[in-house]
Amino acid sequence: MKDLEPETPFEINDYIRLEQMPHFLCPGCGHGIALRALLWAVHELQIDKDKLAVVSGIGCSGRLSAYIDANTFHTTHGRPLAFATGLALARPDLHVIVITGDGDSLAIGGNHLIHACRRNLNLTCMMLNNEIYGMTGGQVSPTTSSNRYTTTTPAGNTEPVFDACALASAAGASFVGREVTMQVTGLKNLMRGAIEHHGFSFVEVISDCTEIYGRKNDLGMSPEMMLSQKATMRPEAYRNTVDVPFRPNALECGVLTQKDRPEYGSAYREMTANLRAKGKQHG
Amino acid sequence: MVEKRNGPTNVLIVGVGGQGVIMVSKVLAQLCQNHGYEVKQSEVHGMAKRGGGVFSHVRYGSAVWSPTIPEGEADVLLALEWAEALRWINFMNPDTGTFIADTQRIVPPFACRARGRGEEAGYAPQTPEEIMAQVRAGYAIDATSMAEDLGNLKAANTVLLGALSTTLEFPVEDWLEVIRGFVPPHSIDINMAAFAAGREWAQAGDKRVEESAKGLHKADVELQQQVITKLEITEEWCKGCDICVKMCPERCLRLNEQLVAELPDPSKCTGCRMCEWLCPDFAIKITNTPVLEAAE
Amino acid sequence: MANRVNLQGNQACALGAIAAGCTFYGGYPITPSSEVAEAMARELPKVGGTFIQMEDEIASMGAVVGASMGGVKAMTATSGPGFSLKQENLGYACGAEIPCVIVNVMRGGPSTGMPTRPAQGDVMQARWGTHGDHPIIVLTPASVSECYTETIRAFDLTEQLRVPVIVLIDEVIGHLVETVDLDDLTPQTTVSRKFADTPVEGFEPYAVTEDMIPPFPRPGDGYRSHTTGLTHMPNGFPTQNPAKAEAALTRTTDKLVLHKDLIEFCQLIECAGADLVIVAIGISARAAEQAVRDLRGQGVNVGLFRPLTLWPFPETTLKAAVQGAKAVLVPEMNQGQMVLEVERLMAGDLPVHALNKIDGEAITPSEIAAKVKEVL
């Protein structure tokens, strides 16, 4: 982490479009907490809002971009990483952050996700995983837990679940992390690490959909869902502790993968600069 | 000096995790063994971690049967922390016992009953003067400050050993030899100095009290700054999700009849910001203004 | 200094793009358009631009729109199935008014169809491929030099009007090699979009201006505006208010009506006093031109109307061109797509005949001449 502390304390109203508030999310939706963590990280890194570009897809997560006081792009379903790839390559001076959801990035946009991981372009991808297609009315998603009821799994979900972080790591993402919304400062620090990372960074935020997922599955209201999500997580500090054998199914939190790989945009620009230099020599 | 009696001599050493209670008791046990006594040392420290209570019983004599000191029979109570000294004071023999305690106060988290920043902790209120008036002989010594002045506050336990050495019959050279064997080589000099300082301080009389201004644990004094907390709720943004109400460690928020969060008693809010950070609707804002700034 | 080279139509599209100031290409390999990508991969680094081969057709369209949202001139190229896949993000560019150029080299369809065979089956897909009512401009070069010049024009139009422009060529034109003089064809100036330069305070990214083209807020210039595929108000944020939604949608289509003269471009060959006017594009237009020459030699009064801007269709120009004619013939390599538009415009005033071919072969001049004789 950079030893850089902003002089002013974080004030969320400096980073949101006040005229668009209150936002449209349901009561207790974890996406709002994730948005705070993201903007908090942006504040701590002292990123100029004019140089911040937020690209989002479709779904509840996709709507978040509209509330951020930055250059925001609400694109098509599953494609924010594709748009962001073009934007980041065309404008390397911008900080490009992608906000996506579990359906957006793992189902319809799965191809873009794995190739973004492989390519390692300098992008930050924050995936809000609430295990459900919320905006369309609560259909099963690639991350819906087993046996959970959704409008398209009326007898319980029988499909296995995607481990988004394992997928991203396997596809080559050079920074992968996971955090629950309950740990908002931990999430902020994780987002900060992800934005600072030079290359493709992927953060899975375990968010809660109370209204149409929690309710249907008797998971309690937001506070209960948040606490139970936290309880199923293994914090980074417990990574190599006695906790591991006792809770083999706990999801690992914190930074899961961090490695040095050539960043695509810099590598491409270096290559083209060399080509132009050679071209000039030869005449 | 501890009077010779039939049966073993009992030294109860107490403190909190991380201070060196075990090291002190090991030094004493080794010393006794070197002098041909039978020694029994028993301790409880497993669950203490750093900051939790630790105690160690050391008994020595020609024959020792039980490893623990019965209540009221300790010849010396050596405490590395003030509240721990008070907790164990009834183990000391009221007629013959010697009380040696560091006046250093380490406030345990659970003593922070008043949750506001800068509020008084629920720490033992008895002053060293009051306690010293009740005991037959003893020393309330600011060993931590003495050690710190010598260059390393970790040597506070050796200062106390120096004070202890005035109450037991072993020669000074033997004490020093054992201590040398127990401390890391690079800190031998400072421990020698600490022992000498503690011994010299205690030799000045049978009862002595000295408490410096640094009597409270450092972390407490420096981190806690009293603040005036203001909690503002943007009612139009609140959707009544209940997160702030359920997550507040002080349970001081509630939903009103319109299902909007409210703070009925602002004095209960400690300004911890949990509700602000977890509000998905950005409807809560906490401002903590340091009291000094507010006065200006 | 002459710069005469032998070029393929696809390559000419790429060089035209470079000449127009394109600095971003996102593509995906597909026959018969791959030469556009190959040429761009070679040429873009020379001008400091960026070429990227994306993971799929959808992503390449997304990347192109994304790059253009960053303020640079961007292009992609594809063919039939790929063009279908690009439609959603193309629709986004239409709705959010993001400039971009798409070269679509038409091949036999539907589905995989005949990848190496020519067709003109995307006339309607180019116009109506993406869902919803939307503005779009489609240009139809019929030669290698026109591939070059029309791609440049495509960039000028897309940048000036903030409407996606499709360069619609068939496989024959795409793979045709002709000698062209690039210096002759390269214009002195090219057009870039109008970037917002008004005060940030109160700026509206989709404000209704006199020319109906809102200035483009470049990221980094301080406007911090919102771009969305949702129907939006002048301030860029979504609305479902009926009046506001209709106003927003009609502005984007009315914009093209307002700038009709800038967009429309046709070639009229011997239409004056013609008994029959042939309406054709691409390779079919070249065959028709030969047929016109042959038939005129035989004393048959025919003319050719060639819309280089296919969509929006140059209605008034066509209506003027067919004054005095007795019939209209539309030869095209599909089962009758452009003919529907021509029939609509003639609306019973003139008989409209179709000559259709979907066998993967180009229409020949003699086939057209025979049809003309048949209907006259």
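Per-chain numbering from 1; labels A, B and C assigned in written order.
What we mean here is this: a contact is a pair of C-beta atoms (placed from the backbone, for glycine too) under 8 Å apart; a residue touches a chain by one contact, two chains touch by 3 or more.
As the structure is a prediction and not an experimental result, all values here were calculated from the model.
Q: Based on which chains touch which, give the shortest step count from chain B to chain C.
A: Counted as steps through touching chains, the separation is 2.
Q: Determine which of the two chain pairs, A-C or A-B, is joined by the larger number of C-beta pairs in contact.
A: A-C
Q: Taking the mean of each chain's Cα atoms, which chain ends up nearest the overall Cα mean?
A: A
Q: Based on CA centres, what chain would you say lies at the far end from chain A?
A: Most remote chain from chain A, centroid-wise, comes out as B.
Q: What whole-Å value do you get for the distance between chain B and chain C if each is reduced to the mean of its CA atoms?
A: Centre-to-centre distance between chain B and chain C: 81 Å.
Q: Just the number, please: Cα centre separation of chain A and chain C in whole Å.
A: 37
Q: Roughly how many whole angstrom separate the Cα centroids of chain A and chain B?
A: Spacing between the chain centres: roughly 45 Å.
Q: What does chain B use to touch chain A in their complex?
A: 236-237, 239-243, 245-247, 277-283, 285
Q: Can you check the complex and tell me which residues of chain A touch chain C?
A: My answer: residues 17, 20, 49-51, 53, 55, 65-66, 69-76, 79, 81-91, 93-94, 111-112, 114-115, 268, 271-272, 275-276, 279.
Q: Once bound in the complex, which stretches of chain A touch chain B?
A: Residues 12-13, 16, 21-23, 25-33, 36, 181-182, 184-185, 210, 221-224, 226 of chain A touch chain B in their complex.
Q: Can you list the chain C residues touching chain A in their complex?
A: 23-24, 26, 44-46, 48-50, 52, 54-56, 58-72, 74, 88-89, 92, 219-230, 237-238
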